[in-house]
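See the structures that follow.
Same chain, two partners: subunit A is paired with subunit B first, then with subunit C.
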Partner chain A sequence: MKHLAKRLRYYLGLLGLFAKYSLMEQMAYRINFIAGIAVECGYMLIKLMYAVLILRAGAEINGLTAHEMLMCIGTYIMVTGVYMGIYPNYWALPLSVRDGSLDMQLTKPVNTQFLVTLRKLDFGMPIPDVACGLALIVYGWQRAGLPVTPGAVAGFAVYCLAGWFLTYCLFLIPELLSFWFVSTNGVQALSSAVFDFNNTPMNLYPKWVQRLGILLLPVFLITNFPTLYVMGALSPAMQVWGLAAPLAVFGIQRAIWRRAMRQYTSASG
Partner chain B sequence: MKPYGYVFGMGLQKALAYRADFLLTLASCIFPILMQVCLWTALYAAGAADTGGYTYEQMILYTLLAGITARIVATGFENDVAQDIKDGGLNKYLVKPVDYGGYYFAQFLGGKAGPIAFLLAVTTAVLAGAAAVLGTAFSPLRLGLYALSLAGATVLNFVLFYAIALLGFWLTEIRQLFGTIAIVILVASGGVFPLDIFGPVGRWMAAALPFGYTTQFCVNIVTGRLAPGQIALGFAAQWLWAGAFAALCAVLWRQGAKRYTAVGG
Partner chain C sequence: MEIITVQNLTKVFTYAAKEKGLKGSLRDLFARKTLQKTAVENVSFTVQKGEAVGLLGPNGAGKTTTLKMLSGILYPTSGSATVAGYVPWQRQRAYQRRFAIVMGQKSQLWPDLPAVDTFELNRRIYEVDADAYRRTLDELTDLLDVRELLQVQVRRLSLGERMKMELIAALLHRPEILYLDEPTIGLDILSQRSIRDFLKYYNEQTRTTLLLTSHYTADIEALCPRSIIINHGSVVFDGPLAEVSEVFGHKKLVALKAQRDLTAAELAAFGTVRACQHNTALLEVERDRLQPCLQRLFGALPVVDLDVKDIPLEEGIAYFYQKAGVSAP
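Let's look at the complex of A and B:
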């Protein structure tokens, strides 16, 4: 236990250093920093269009009011923002496999996945998403008349964290295919499109799509479960699944990672 | 014209080099379409859709065709142009007996030829499915006009994005902004939702700005929302905008080439 705590402190310290150096790097190129925010604002525009449509309709659909659905969309926008904070690492991974620059990372005395996926943190892109997502959540929560108790807020935060961790694991898997294939643009586009299913709450989809998105490819857990928990609409089994699924996907992702590492021969090898 | 024919062929070969990648990218556009179909179905079923006069059948058809049309006219070369300008890659084109814009247009068309053929087959299947499931009738004249409008939309989108890419002569870090510009244009073209549903402002945007003529105009020819007079006006506006942007590209190129400094040897 003591060893584990020491390791955790070590990695948290490293994460702090990564954050510091990433921020210094971004402040050196401020136009790029602002451009990153602008890019993310563009993507947010599309997500907000869905929110506007649902809010304008103002109807209760399949058990969720417009404001509860707004909370789901807000959660999606916020989780997307946090994901964008580490996205530069995901984007760079296929390139580092192709040109062999991954070699250097393998020689470092830290966990390679930790280094490869968290080395560069973007502070610009998450700003609009997190701000806008939080605003939608607070507004939707208040207008939906849901209880604001410590338990509800803590539960919401826990399922958001679980959703973010699930996003981290689930969307790393398509990037790992770059160890086997030269071009992975298609798979990346496909995985982004699957993630974008969260643009609208899952209750708008047919039951079979909902089941697929909860049990088989659990993308709906990411942004629907926090709101459903606050509403008291999550069954005990689903509450457990909401926390177990990220761990299960993490296990699968780690297995693929290990296979990918064995497959790696370096660009010059 | 011969060099451009070769460039067209090269673009075609390049596009066909990663077929699986192309098919997966194409498959990825099914998901947003499916998502929107579910959204509209739920909103119409709840009787809560404020749709600017679109019937359910028209909205579903719009969603299906807008996704495909936006994909048909999509560009993607703007990063290459900006990179050429920034890194000095433009040098090799300046000494060749070809027009830079014409070179990229030929390459763009070559790269598009395979995907467009495939997407037109998908469009045909969608229309046949819509005729069978939604009971919508399509006149051959409207289908022909849709195909014609696609040609205009492809040219308009090319000159639009080429003009934006040429701003790289003045803005060295424009590449990052292409993502934002492309998304804003996608929204403003009606590629996500029809602009009409956003009231008078949306209708004004669709009619007065060039973007709507790359997607919404083409799709609404098929959905039957446009009267013959509106279609004729739409074609005129589409080609006028294409001409205006082509002229703007020529000006930008002339001015930009004057201030271009070749990097490297």
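Let's look at the complex of A and C:
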């Protein structure tokens, strides 16, 4: 236990340093930093259009009120923001496999996945997303008249964290294909499209799509389960699945990661 | 004491064949042929603790691939290796703390930050005690004369300065084994010499084991009492570099300058004519026939300058590059 705590402190310390260095690097290029925020604000406005449309319609769709849907959309925007914070590493992974710049990272006495996926953190893009997502969640929660108890808030936070962890694992898998196929732009675009299924609450999709998105490719867990938990609309089995699925996907992702590491061929020069 | 043991190490890369033209690309889309390239084939050698060994070979010989397997970057196809008791490609943390690798064409420094920030990151990664870190950093920055550059953004440094920073970043945790892949590539002569002098001093002082690849024979000559020549993935020579010169030890080069223009035809009687231009020429002569040859040269030609040299080391190395076996020419 003591060893585990020491390791946790070690990795958190490194993460803090990565965050500091990433921020220092981004500050060095002010225009790029501001442009990044502006671009993400643009994307965020598009996502907000859904929220405005839903609020204007004010209708209840498949058991979700407009304000509950707003919470789902807010969660989606917030999780997207956090995902964008580490996305530079995902984007760079196929490139570093292709040009062999992964070499140096493989020689460090630190968990390689940690180093490869969390080394560069983006601050510009997540700021507007996280701020806007949180605002939508708070507003929707309040207007939906859902209970604001410590249990509900903690449950919401836990499913948000589980959703983010699931995002981290699930969307790393397509990037790992670059170890076999080198260029994976098409797969990257496909995985972005899959993530954007969360643009709208899952209740809006047909039942068979919902089942696929919960059980087979559990993308709907990411942004729907926190709100459904607060609404008391998650069955005990789904509550367990909401926490078990990220761990199961983590297991699969780690197995693929290990095979990918064996597959790595570096690059000459 | 052996610190590196390599036995029959082999690495085969599999890659997709790419046919030329649009038709070829279309065919590739549906039926792709895979090819195999053996980068390293049954390479075996041992390295003693504290030794400095040079890996020589032409481009694509398998030197870098060998280093990458020993540093755990690549998994071998077959064969075995142990370094300090560890199997490198198992990537155990304990092993990773005991070695470092510097690659001339790859950087571990954060380009937009001063090098000292990467050093601090490495200190945290390798869990180096703050006092030991400061002492090592002071010592290395003094030896490499880069103290004033610590606060400069890495991307603003010259190639030579950056390489010095790469060396510091690699040595902060005091590794027992240092792998160097073309550490002087692209550097000017002064920077090359500076890096060479540092590595020689560091190897002598700390007994850190060095395994070095370089295209510059001068690097190997200066640093490595022992060299391994790899060609087509296999070891074709293992021994002191001086022995490579002995391949051509029975021959000498005679550079001469005459008062008038020379012709290849008149020089052919004295030895093999390597070059002949205007009044200068370069002849290859058997060593045991050198003295009578020179006497005849002075008698037959109006010689104004003459220089007798050994066959350059590079030619001995090139001989091994072109030949799979070790037999005198």
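List of remarks:
In the analysis below, the second predicted complex is superposed on the first by the 268 of 269 C-alpha atoms of A that agree within 3 Å, B and C clash if a C-alpha of one lies under 4 Å from a C-alpha of the other, contacts with A are read in each partner's own complex, and residues count from 1 in each chain.
Simple rule for what comes next: a residue touches a chain if its C-beta (ideal position, glycine included) is under 8 Å from a C-beta of that chain, and two chains touch if they have at least 3 such contacts.
What you see is a predicted model; the values in this text were computed from it and never measured.
Bringing the complexes onto one copy of subunit A puts subunit B beside subunit C with no clash. Once the two complexes are laid over each other on the shared chain, residue contacts for A:Ser266 go to subunit C alone; subunit B is not touched.
After overlaying the two complexes on the shared chain, residue contacts for A:Gly100 are found with subunit C alone; subunit B is out of touch.
Contacts of A:Leu215 after superposition on the shared chain: neither subunit B nor subunit C is touched. In the overlay built on the shared chain, the residue A:Asn185 is in contact with subunit B alone; subunit C does not reach it.
Of the two partner chains placed by the overlay, only subunit B lies in contact with A:Gly58; subunit C stays clear of it. Using the contact criterion defined above for the overlaid structures, shared-chain residue A:Asn32 touches subunit B, although it does not reach subunit C.
In the superposition on chain A, A:Lys108 makes contact with subunit C only, while subunit B stays out of contact range. Of the two partners, subunit B and subunit C, it is B that touches more residues of subunit A. Seen from the Cα centre of subunit A, subunit B and subunit C lie 90° apart once the structures are superposed, a value rounded to the nearest 10. For the pair subunit B and subunit C, the minimum alpha-carbon spacing after aligning on chain A is 6 Å. When the two complexes are superposed on chain A, none of the residues of subunit A touches both subunit B and subunit C.
Residues of subunit B touching subunit A in their complex: 18, 20-25, 27-32, 35, 38-39, 42-43, 45-50, 173, 176-177, 179-184, 186-187, 192-193, 197.
Every residue of subunit A that touches subunit C in the complex is listed here, in rising order: 10, 13-14, 17, 21, 24-25, 28-29, 100-101, 103-104, 106-110, 112, 261-262, 264-266, 268-269.
Those residues of subunit C whose C-beta lies close enough to touch subunit A in the complex are 13, 60, 64, 68, 71-75, 91, 93-94, 96-97, 99-101, 103, 105-108, 110, 112-113, 117, 120-121, 124-127, 153. Remark: subunit A residues 31-32, 35-36, 38-39, 41-43, 45-46, 49-50, 53-54, 56-62, 182-187, 189-190, 192-194, 196-197, 199-200, 204-206, 209 touch subunit B in the complex.
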